[in-house]
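Data first, discussion second: the structure below is written as structure tokens.
Labels A, B, C, D and E are assigned to the chains in the order they are written; within every chain, residues are numbered from 1.
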Amino acid sequence: MVPPSYFMGLSAVLFCIGVLGVLLRRNIIIIFMSIELMLNAVNLAFVALSRAWGNVDGQAIVFFVMTVAAAEAAVGLGIILMIFRNRETVNADEINLMRW
Amino acid sequence: MTTAVSLAAINFNWLPILPLLVVTAGAMVVLLAGVRVSDRDSEGLGWLSLVVIAIAVATSLPMLGAQQVTFSGALVADDFTVFFYIVILLAAAVIVLMSLDYVADEGLPGAEYYALVLFATAGMMLMAAAGDLIIIFLGLETMSISVYILAGLARTDVRSNEAAMKYFLLGAFSTGFLLYGIALVYGATGTIKLHALSTLAVGASPMLLLGVGLLLIGFGFKVAAVPFHMWTPDVYEGAPTSVTAFMAVGVKLAAFAAFLRVFLVHLLGVQSDWSIVLWVLAVLTMTTGNIVALMQTNLKRMLAYSAIAHAGYILVAMTVGSSAAGAAILYYLLGYAFTNLGAFAILIAMARRGHPHETIADLRGLGTREPALAGAMAIMLFSLTGVPPLAGFVGKFSIFSAALNAGYVWLVVIAVLNSVMSAYYYLRPIVAMYTDTGGAEVVRIGSRPALIAAIAIAVIATVIIGIYPQPYMAASTSAFTSAFGKPPLATTASLHP
Amino acid sequence: MPLLPFLFLAALSIIFAAGVILQRHPVHSLLSLVLTLVVIGILFIGLDATTVGFLQMIVYAGAIKVLFLFVIWLLNLQSQPIEGGHLALKFVGALGSAALIAELLVFVLHLPPPVGHSKPLALDYGSIGKLAQGLFTDYLVAFEVTSILLLVGVVGAVALARRTTAGSAPGGAP
Amino acid sequence: MGGYWLSALVFMPLLGAAFVTLQSDERAAWRSAFIFSLIPLAISFYVLAAFDARDAGYQFVEHYNWIPHFGVSYHIGVDGISLFLLLLTTILISLSLLYSGGGDIEFRAREFCFFMLVLETGLLGALVSIDLFLFYVFWEVMLVPMYFLIGIWGHGRKIYAAFKFILYTMLGSLLMLVAILYLVFKARSTLGHLSFDLPDLMTVPLTMTEARWLFAGFALAFAIKVPMWPVHTWLPDAHTEAPTAGSVILAGVMLKMGTYGFLRFAIPLFPDVAAEAAPIFMALAVVGIIFGALVALVQPDLKRLVAYSSVSHLGFVVLGMFALNPQGMEGAVYQMLNHGVSTGALFLLVGMVYLRRHTREIAEFGGLWHSIPVYAGIFMVVMLSSAGLPGLNGFVGEFLILLGAYLHTWLAAVFAVSGLILGALYLFYAYERVMFGPITRDVNRSLPDLSRREVAVMAPLLALMFLMGFFPRPLLNRIEPSVAALLQRTHSHVARIDSHPPTPAVVAAATRTANLR
Amino acid sequence: MLIELLIGAIKAIIVLLMVLNLSAILLWFERKGSALIQDRIGANRAAITGVGRRLGLPNLGFVNTLMADPLKLFTKEDFVPAGADKFLHALAPFLAMFPVLITFAVVPFGDTLIIGDRHINLQAANLNVAALYILATIGLGVYGVALGGWASNNRWALLGGIRATAQMISYELAMGLAIVSVVMTYGTLDLQEMCRAQGGVWFGWLPRWGIFVQPVAFLLLLTAGMAETKRVPFDLPEGESELIAGYFTEYSGGKQAVFMLVDFAEIVLVSALITTFFFGGWQFPWLYPDGFHLPGGAFFALPNVAVAIIGIISFTVKVVAFCWLQILARWTLPRFRYDQLMRLGWKGLLPVALANVVVTACVIVLGGV
């Protein structure tokens, strides 16, 4: 059996990959995807911990996180679309009318 | 076959949920009512929202004095909750008041606007009433997502777009940290109920500490603490002004409500582990906020940095973590809320369609052309500076006194020096208003009763709360102590005759 | 979950996740992400969280990511070089992440055996019934809040992304 | 003695300020502001009349809970130290309003009156506060209107001056706030409750280190306000750029807040530290006296000259105060009043000539004696008063101070005397250049002499100068008990100082003082 | 252990063969069926050198078409357009194929077969959350089509891909909700359990099939299922007159064959699901594990093997019938306009599906079904 800590480790690695993506990429959509990756890494941690504690709390949270991700995706993509319509770019570096 | 869900297993209680239901239902009613309303005459929807808020305030009052944990610990009904319910609702009401003209004038979609304000309010209230981490998370998201949208609601304005985008990306990013923090806390304790954290003591598992650290990052983003503040100025500047006000006040209120409830109430056991981090954060936040604010020419941007600085002052009290500090934060937030609302309302009054008029230069000569408006602005700025006897002063005073009481002398000295520094940039607009000439033309304020009402409420509240702080102080104290579920600690005695 | 499949899936997920941030083309990134999500979903199932695992695939991979695909198409995004971003930021980011990973691994891998691990799991652990039981009792408020959240999402998406009709906005952009 | 006299005194100007804003026309604004400033003036005279000269404690006390949560109370009262400062404030405000209405302030009169009256509330409030919180509130409140007065109606680099003024003062006062808070919490452990009340706080036992730090906190705030030598740099700017009325109030009353703060708070709260730090403060005071005088000597700008003379004069006050003996301290209190009257008058006079010539360059004048003799005459009296001519008010205070200083450290007195001489020097030198000699500028030939209004403004001040010069006794009688009570706290140290064998000079001086009394 | 694996493999292979063959047959089926409907002969030249006809044997067109079509497709040039994303272009057909095929794993095609003391569940994989699994795989099926359309670097293909994706996502909702109401009715996510629950009769004669309990869900699933397969009347993504061939415009040869196969496999899938959910799956009216219990009270005992075989046949027949129904629909109904399609999905099916779920829930809670 794999101890939960392995899952936690994997989750940490995935989370950090997500963080890196946010920091390194300039394409808004890819930044957004990296954020989703972070959320999923957390989900993995929740499920592993839920399993370790033997209660269902972690799974419930994962369920909620998915809902939140859905709502966020809708709004976030709406924002990206809107910004593209006005600016014709999705490069975060080019979207800096104001000092970033 | 299906397992019957026993409804009796749900610890159902109207007290904390009723105001929430009122607000969300109201939001939906506004949304529906807005179907046939054109964006140019959305005022009616605003009044409708005000009615909703009034009902919500009325329904929160019965909770006073209650001391219950309901819905399996999801919501907490106590004075702390009531305090934040009412302050958040009042802030929302003032926001709606100041939006009535603004929204119609700027051509923002009225139905969505008011509905989202109410939804965001509901999310904020949830955060204040939350009894477990997941409710905090969901409340935060409800609030944040609504505000992301609000920030971008001026769709053809590229700055608004940009604000929405930045707020969204960094908000979602910070959510990831918050969530990871929740995960690790859950991993360390096996539950997400806040009261389970209360039993933790120093020397808790490293996992918990890591979780607490990540929670700090998450909250740090929301309250705009340095170094998690990068989004604030751009977002404040770009968003429609009324939304900026909502962000500066509502979001901050809610974020601090949850922050307080988690750290100052339930994580007190491990205070020695996090207070040093907060110490550093507080110093960084105050100093950075104030220093950068010195160089701003755009008022919204300046107020953004000022908001950062004020978050720093509050973090000073968070660092202290005493009961007096908690009460001080509540009081501070109260004063801060009205002061900022007033300042932004005045910015709205300055703006004309297509001309935001939000630089300091635009204020020039306001003192002669619109003395009332300028006077109100001056009062707000003085309150932010911390000049007695305004709310801002008593707030700072109570925070400093709490910190000194706990022996954080150097922290207070740094805060005081910051306070002096802040005077410089708060005074600049005042100088512009009273000593220069030739600023922007302003629409006569007299023709906008709702806006006048919003400004008047803010001014009166700022003055009253400052001159006679006793009742508000007492309310803050009882609210904060009630969060512990214990009778108020006897920290002070009334004056001997 | 036995070790070997775990290692396999873990390696896969890391590779795909790295793909998300390393692929030049957004569509490739997205595909990587979808695959990561599917692998994570499989890991969920391996952790006996069957319901959540499938939900992950249905909701995340099957629905949310498709939205991304749409937007990428709508914007007609092309391949972009990865450079950009300040070098300093990159450096700090990489350093920070490395530190975070190291810290997390040190913490996490040296954890004492989790409390509940030795306990036998309930028979219906991870089943949809058990989850639903939780959602409708302990998490009732949270569950209801998600409905608000989704409503907000819908309102927001419509409000933001609908085309501007002339006359409704001051700019009158087409 | 009960009643609400002091509250009425403090808040009547505020009422007036509200009333003034409602006036539609500027003349009405001036009139109503002046009338409203007379009410506190009348009240302050009543207070003077009803004041019990034998009572060293607070009189007209009012004490109510304000913020019980913090132990803050509305505790006001008046004693011998503050009594005449109240009077000085009400008189100078009325006169300033009277003067400014005569053309000195040409625009936005309503706001000017408003700020003047708010300023009066702040000043009076700070003078009567016994509760430290209350004091702090009024202390800060008076900054704001002064800031506006300088910023709006000032001259030249008014914004810069206003900023410098407010930032300096705030820095000091906020640090004082920290000290106050520390003290209050320290006090709680002995009192058992929070209290900002001065009498309560005086009972707090402190370690020497704590007391030093706290004293430093208070002292910095007050020293900036005084302003003492190294932290005086805001003053020349603020004084020079302020409108005449602003300068009058600033020099006449506001600077006294610093010295008053020392007397009322810093010294009684930390008597040990005060005694310990006395040499330092005296040294700084002497430096201030000489430095101020020397700089004044070379000022080409008349107003700047008067401003630097304030630095010098207030050095005397500090010197007397920190002599920590009855002579020095009474002299300090008396000198505070003197300086208020004389320097106030000087600023008014400078303002009057500025109004006529729109310049304050000494080089621009010369021979004014010929063209505006009334002005020159009044100027002469005021200048003599300021220079400390016996028979005029300045002499009494300076003499007492020098005596006190001598009793403490003779060297200080010696240096201070040189300051006195320098003071006479720069005043006479300036007077000579402005008034005597030939008229070098043609514009100066046809200057109008003082108007009736201006004479009316100057007359009470001149009267005061003579009155205080010839009859110091009634004033000193009322000041004495309070000073004595204050010195009770520093008694041990004073005793030690007095135990030096008196030199003949001291004995002689002491007899003269006794005669004077 | 080994034998378990072997049995599993055999079951999987049986299912796979069934699906693939059925799909291939459907290709011919459709050609001939359409000809029948349109009163023409249809595919009639795929006779190898005409041998059959010359010998007067029955027309072997069926067999020949089955061979000729794949042969032709797989020997054609595999053309990749310029500027296309080669990797995704190649991957897309298989991305489309994979989810469909693995979905069949949880579809039960018969009852338990008892050989010796070994009970063999006639279902490739017995998953207790099969309904979720189905939703998951259907959801993932979008990517093949979407990426195929995008990777071709062709406007029509992209447009087809977008349309297909939007359509599939939209109808997935209604489909999912229909399945949810079915799941609620049976109280299980396990398809085999559902089939078992549909055994027996009401009123002594009416088979307890889902169609009688959930007629609305049936209609929803049928409609949404047809939309999911992107066939007429929902064939906007590949409408010839508008988009040439939609998302697989730029596909040729083997890859195109795979796409076509996916099309037909989806038909089979929808039919299989409908059969399982609403028509008792492998249930045959009045057939019980021990034999026939006819309404009149008559009883014919049957061995287990026979019951199992009848079950398999029953299942197959039902599936084929629904395949035919779908082909019939294709050749008889006119095509929607795209906005009509969306409106039907969001404003028609979705509310109805939601209402159906609510009503089902109410009935369950109040009626205690």
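A few remarks follow.
To be clear about the criterion, a residue touches a chain if its C-beta (ideal position, glycine included) is under 8 Å from a C-beta of that chain, and two chains touch if they have at least 3 such contacts.
Because the structure is a prediction, the values reported are computed rather than measured.
Note on connectivity: the fewest chain-to-chain touch steps from subunit A to subunit E number 2. Fewest steps needed to get from subunit A to subunit D, stepping only to touching chains, is 2.
Relative to subunit D, the most remote chain by averaged C-alpha coordinates is E.
Across the structure, the highest number of inter-chain C-beta contacts is found for A-C.
In terms of Cα centroid distance from the overall Cα mean, chain B ranks first. One simple way to say how far apart two chains are is to compare their mean CA positions; for subunit A and subunit C this gives 5 Å.
Taking each chain's centre as the mean of its C-alpha atoms, subunit B lies 44 Å from subunit D.
Chain centres here are Cα averages; for subunit B and subunit C they lie 29 Å apart.
Distance between chain centres (mean CA atoms), subunit D to subunit E: 97 Å. Under the contact definition stated at the top, the residues of subunit A that touch 2 or more other chains are 8, 15, 18-19, 32, 49, 52-53, 55, 57-58, 60, 64, 68, 71-72, 75, 78-80, 82, 86. Those residues of subunit C in touch with two or more other chains are numbered 51, 55, 63, 70, 104, 108, 111, 114-116, 133, 138-139, 142, 146, 149, 152-153, 156, 158-160, 164, 173. The part of subunit B that touches subunit D in the complex is made up of residues 367-368, 371, 382, 386-389, 393-394, 397-398, 400-401, 404-405, 409, 412-413, 416-417, 419-420, 423-424, 427, 430-431, 434-435, 468-470, 473-474, 477, 492-496. Within the complex, the subunit B residues that touch subunit A are 134, 137-138, 141, 145, 148-149, 152, 155-156, 158-159, 161-166, 168-169, 172-173, 175-176, 179-180, 182-184, 186-187, 190-192, 230, 233-234, 237-238, 301. Contacts from subunit C toward subunit A in the complex involve residues 1-3, 6, 10, 13-14, 17-18, 20-21, 26, 29-30, 33, 36-37, 40, 43-44, 47-49, 51-52, 55-56, 59-60, 63-64, 67-68, 70-72, 74-75, 77, 80, 82, 84-85, 89-90, 92-94, 96-98, 100-101, 104-105, 108-111, 113-117, 119, 121-122, 125-126, 130-131, 133-135, 138-139, 142-143, 146, 149-150, 152-154, 156-161, 164, 173. On the subunit A side of its complex with subunit B, the touching residues are 8, 11, 15, 18-19, 22, 28, 31-32, 35, 38-39, 41-42, 45-46, 49, 52-53, 55, 57-58, 60-61, 64-65, 68, 71-72, 75-76, 78-80, 82-83, 86-87, 92, 95-100.
Across the interface of their complex, subunit B is touched by residues 103-104, 107-108, 111-112, 114-116, 129, 132-133, 136-142, 145-146, 148-149, 151-153, 155-156, 158-160, 164, 168-173 of subunit C.
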